[in-house]
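Here come two complexes built around subunit A, the first alongside subunit B, the second alongside subunit C.
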Partner chain A sequence: MLRHLLTIAILAGLVLLLVAGVEALGVRVFDRIATNLCISLVLVLGLQIFMGNSGILSFAHIGFMGVGAYTSALLTIPAQMKGMALPDLYAVLQGVQLPPYAAMVVGGLVAAAVAAVLSYPLMRLSDAAAVITSFALLVVLHTIMTNWSNVTNGPRTLFGVPRATDLPMAAIAAILAVITALAFKESRTGRLLRASRDDEIAAGALGVHTAQLRWRSFVLAAFVAGIGGALWGHFITSFSPNAFYLRETFVILGMLVIGGANTVTGAVIGTFLVTGAFEGLRAIEGALNSARIFSEQVIGITEVVLALAMIAVLILRPGGLFPTREIGALLARKFAKRKHVS
Partner chain B sequence: MTFALQFLIDVLSLGGAYALMALGLVIVYGILKLVNFAYGELIMVAGYTLFLVGGSGLPWLVMAAVAVLMAVIAGILTDYVAFRPVRAKSVTAVLITSFAFSTLLQNAALLFISPRPRNVPMPAAFSQTVELAGVITPVRNLITIAAAVVLLGVFTFLMRRTVLGIAMRAAATNFTMARMLGVPANLIISSAFAISGLLAGIVGILWIGRIGTVVPGIGNEPLLVAFIATVIGGMRSLGGAVLGGFLLALIDTTLNYTLSQELLKFRDAFTFSLVILILLWRPEGLLKGPATGQRT
Partner chain C sequence: MANPSLEVVDVAVEFSGLRALNGVSLTLSPGEIVGLIGPNGSGKTTMINAITGQVPLAGGRVMIGNKQISGLTPREVALQGLSRSFQIVRLFNNMAVLDNVEAAALAHGSSLRAARAKALTLLDGFNLSHRADDLGGSLSYGDKRRVEIARALAADPAFLLLDEPAAGMNEAETEALLHILAALPRSRGLGLLIIDHDMSLIMRLCDRLHVLAFGKTIAEGRAEDVRKNPAVIEAYLGSEAIRA
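What follows is the complex of A and B.
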């Protein structure tokens, strides 16, 4: 128990340190980056809840982020704005206006509900079939978001979402996500699920209902993703369906894989590292573009470098930086060993 | 009658392209039991090569051959970069490395060429139409059908009659056993990637011929098509991939003709939902293929 508390303390401390540092500096750009980092953290931890425990790669995660973002946006756009932002909105929804905090939770719940219905039959698939169906699910969600003009404004940008997410709030959400992910990992469901991840047949023989457990973790992951999406929506205030597709999937997946999908620590560290590297590269890209060294705009460096980093990490350390043990367990072990020696 | 012929040509030309795409994906999957997410980028590579050699003044067929060759090289490269180093480690690792490699290639194209569409040289025949028993149809549809028939024929011969093909089928059925009997594993896997690249290159040129331009994301749709077709037809059987390709074309064409304009926008959502349903009904796909051992 102590080591879990230690893990929470260290990871939450990391987030708090970030917030304190940014607040102390008071630079607007950093504030923005740190908020983005906290939101990514929520998304990555959501993905970790499913992927880390079940061992199945899921592409659909970002789709649920989109569901959360659009739901929360629909419920919070002020009534007079709705006429402009969403001219074809159904009459029932036109008058609805919730406070953003409530809407975010509803966003998470709707994402979880959609996931619960769609994924229930899919959870008995493993390996490649599971990955392809999750990919198909992402495409389905994206197609619906792009074409359901009544509620999403189609492929065009949805604007007028009230700004509600600030750094402290995103940080609190991130810390809650850390606690949720750890609590799920150590719960009965999480442990049994990890047993099925390591050996599906053996776990099944011992009476583990793999599909049922996977479904639970998938729904929880979708809930977290929905909250993350809603947070992001109220931070960025205008977005289009393309924000919730392969590029975002790649970034979130990269963060998780580089840190280590099997541990919460890995998810957190990966998010910090990749965000740091990303912002650095983006600054370089911006500098190159404003210096006009090349005749055309330079885009894509960040993705190229992230892709190379992912491949390198997977070749050298297939489990990521923290492949099996949480930081708390690692430190507790080290401490115990030292005491033993002396 | 005219309508039936029109419909048939549409289905066959679309299905031919889809079948070749699916075949290129499943040839690698059959042996490694691993999905190659970078498959669509092989098509992109073929397209950009065609664009880059476009100004050279060579005969078109030579340019096309260079483009296909580059796709083959890119296919083998995929094996060396994304598959070989992590193959033994975990399924998820390979899926992610191939996804990363796909993003790498796409963004390299963004970075070094351009995010904007680039014109690709195509012979005049691709934009002409011809009248066939009262049906006006683009010549490229007939070329696609012909190419599909020829390639499927050659491919069947290769798989059934040559040493390489038999070794590949053996490796797909039981990789460990095949290795013990002296089939060189790495060579077989690289050959599978090379054939995958060859199919992607040819189908890529036919595919790009429909639009005449190439963009970095050109490979996304063929990749999705190949996914669906293999899943419908059966991930382990080469015949299943071909069947899946034609079936998907039939579904797509039927939806094109029957859905209203309003619903047509959601066509992809319908097709993918169908895939999910088929997988639930038959997780192995329609054709089961040979019984296989564990992933190696």
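What follows is the complex of A and C.
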């Protein structure tokens, strides 16, 4: 128990340190970066809840981020703007206007409900079949978002979403996500799901209902993804379905894989590292372009470096930087050993 | 004791036309230890897989008392009170030893706290307390086997099926295991079915033996009778048994 509290304290401390540092500096660019980082934390931790405990790679996660973002947007765009932003909106929804906080929770709930229905038959699948179907799920969700013009404005940008997310709020959401992910991991469902991740046959022979446990974690992951999407929507205030597709999927997966999907610590550290690297590289890219060292514009350094980092981690440390133990457990073990020696 | 027995009745298993088991019947009562022996490929592991639902039956049935368990999934069979170990150890390698054992108790409905207490007691009984916090995958082969047995026991089974529990253990480890296993039927009232190639272990541990060859029963009965049976000596034990 103590080691779990230590893990929460360290990971939440990292987030608080980030907020305190940014507030102290008072630079607007840093504020934006830190808010994005906190939102990424929510998304990566959501993915960790499913992927880390079930051991199944899921591409569908960002689709549920989109569901949360669109749901929350629909419920909060001011009534007088809806006519412009969503000309074909159903009459029932035209008058609806919730406060953003409530709408974000609804966004999470709708994402969870969609996940609950769509994923139920898929959770019996393992390995490659499960990965392919999750990818198909992402494509289906994307296609619906691009074509259901009544509620999404189709492939065009949806604008007029009220700005509600600031850094403190995103940080609180990130800390809550850390606690949720750790609590789930140590719950009965989380423990048995991890058993099935390590050996599905042995877990079945103990009486573990793997498909049902996977389903529970998938629904919880979608809930967190929906909240993350809603937070992001109220931060960026205008977006199109392409925001919830391959590029974002790749980034979020990269963060989790580099940090270590099996641990909450890995999810948090991976998000910090990749965000830091991204912003650094983006600055370098900008500097190169404004200095006109090359005749053409330099683009895509960030993606190339993320891809190379992922390959390097998968070769050198296949489980990521934190493959099995949380930071709190690592420190507790180190301390116990030292006491043992002396 | 009113607890029902495990009844395997005329079970057959086919692998793409090949009969791995051909009409085998076996009874395992609570409180007894039965050894399932036979040459390699005689169908011993298939027998355990057939009982626990890992392979489908081509004929026959498996009952606990009046309740049919053949046709159920391995998960449902486990919840009827059957625990097993595997010929090739299957631990949860990325989880701590303690978590491995706790998982079995949790799967059978224990609370988190009760599962922890049960797992600690079991690990103590197997002399594994000092490895509780280590990862399953980091253990030696003999330790892995013992954790697997402890995990199977954490489910509080009515019947325990062990597939070569002593494989990969040295003599001292085997001896320690023998004492633990021998005490189980009395202390827990469970029925123990054990496959092993270590004849001295089998002879000292088992009340009854069941001998398979080519998927058929060739002998069954009390251990000392079975080992004098000419068919068994010819098919399996050979000169080694006469020497023993």
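Assume the second predicted complex is superposed on the first by the 337 of 342 C-alpha atoms of A that agree within 3 Å, B and C clash if a C-alpha of one lies under 4 Å from a C-alpha of the other, contacts with A are read in each partner's own complex, and residues count from 1 in each chain.
Operating definition for what follows: contacts are C-beta pairs under 8 Å (C-beta built on N, C-alpha and C of every residue); 3 or more make two chains touch, one makes a residue touch a chain.
If you're wondering where the values come from, they're calculated on a predicted model, not measured in any experiment.
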- Is A:65 in contact with subunit B, with subunit C, with both, or with neither (first, second, both, neither)? neither
- Between subunit B (first) and subunit C (second), which, if any, makes contact with A:300: first, second, both or neither? first
- Message: Is A:208 touching anything from subunit B or subunit C once the two structures are fitted on A? First, second, both or neither.
- Response: second
- Scan A:171 for contacts with subunit B and subunit C and give back first, second, both or neither. neither
- Task: Quick one: classify A:262 as touching subunit B (first), subunit C (second), both or neither.
- Result: second
- Query: Touching A:22 in the superposition: subunit B (first), subunit C (second), both, neither?
  - Reply: neither
- Query: Is it subunit B or subunit C that touches the larger share of residues in subunit A?
  - Reply: B
- Query: Of the partners subunit B and subunit C, which touch A:77 in the superposed model: first, second, both, neither?
  - Reply: neither
- Message: On subunit A, which stretch or stretches are contacted by subunit B in one complex as well as by subunit C in the other?
- Response: none
- Query: Which part of subunit A faces subunit B closely enough to touch in the complex?
  - Reply: 51, 55-57, 121-122, 124-125, 127-129, 131-133, 135-137, 139-140, 143-144, 146-147, 246, 250, 253-254, 257, 261, 296-301, 303-304, 306-308, 310-311, 314-315, 318
- Can you check the complex and tell me which residues of subunit B touch subunit A? 29, 33-35, 81-82, 85-86, 89-93, 95-97, 99-101, 103-104, 106-108, 110-111, 114-115, 220, 224, 227-228, 231, 235, 265-266, 268-269, 272-273, 275-276, 279-280, 283, 295
- subunit A-touching residues of subunit C, taken from the complex the two chains share: 52, 54, 73-75, 78-79, 83-84, 86, 90-95, 99-100, 102-104, 106-108, 112, 133, 135-136, 151, 155
- Note on the structure: In their shared complex, subunit C is touched by residues of subunit A numbered 188, 191-192, 194-195, 197-199, 201-209, 262, 319, 323-324, 333
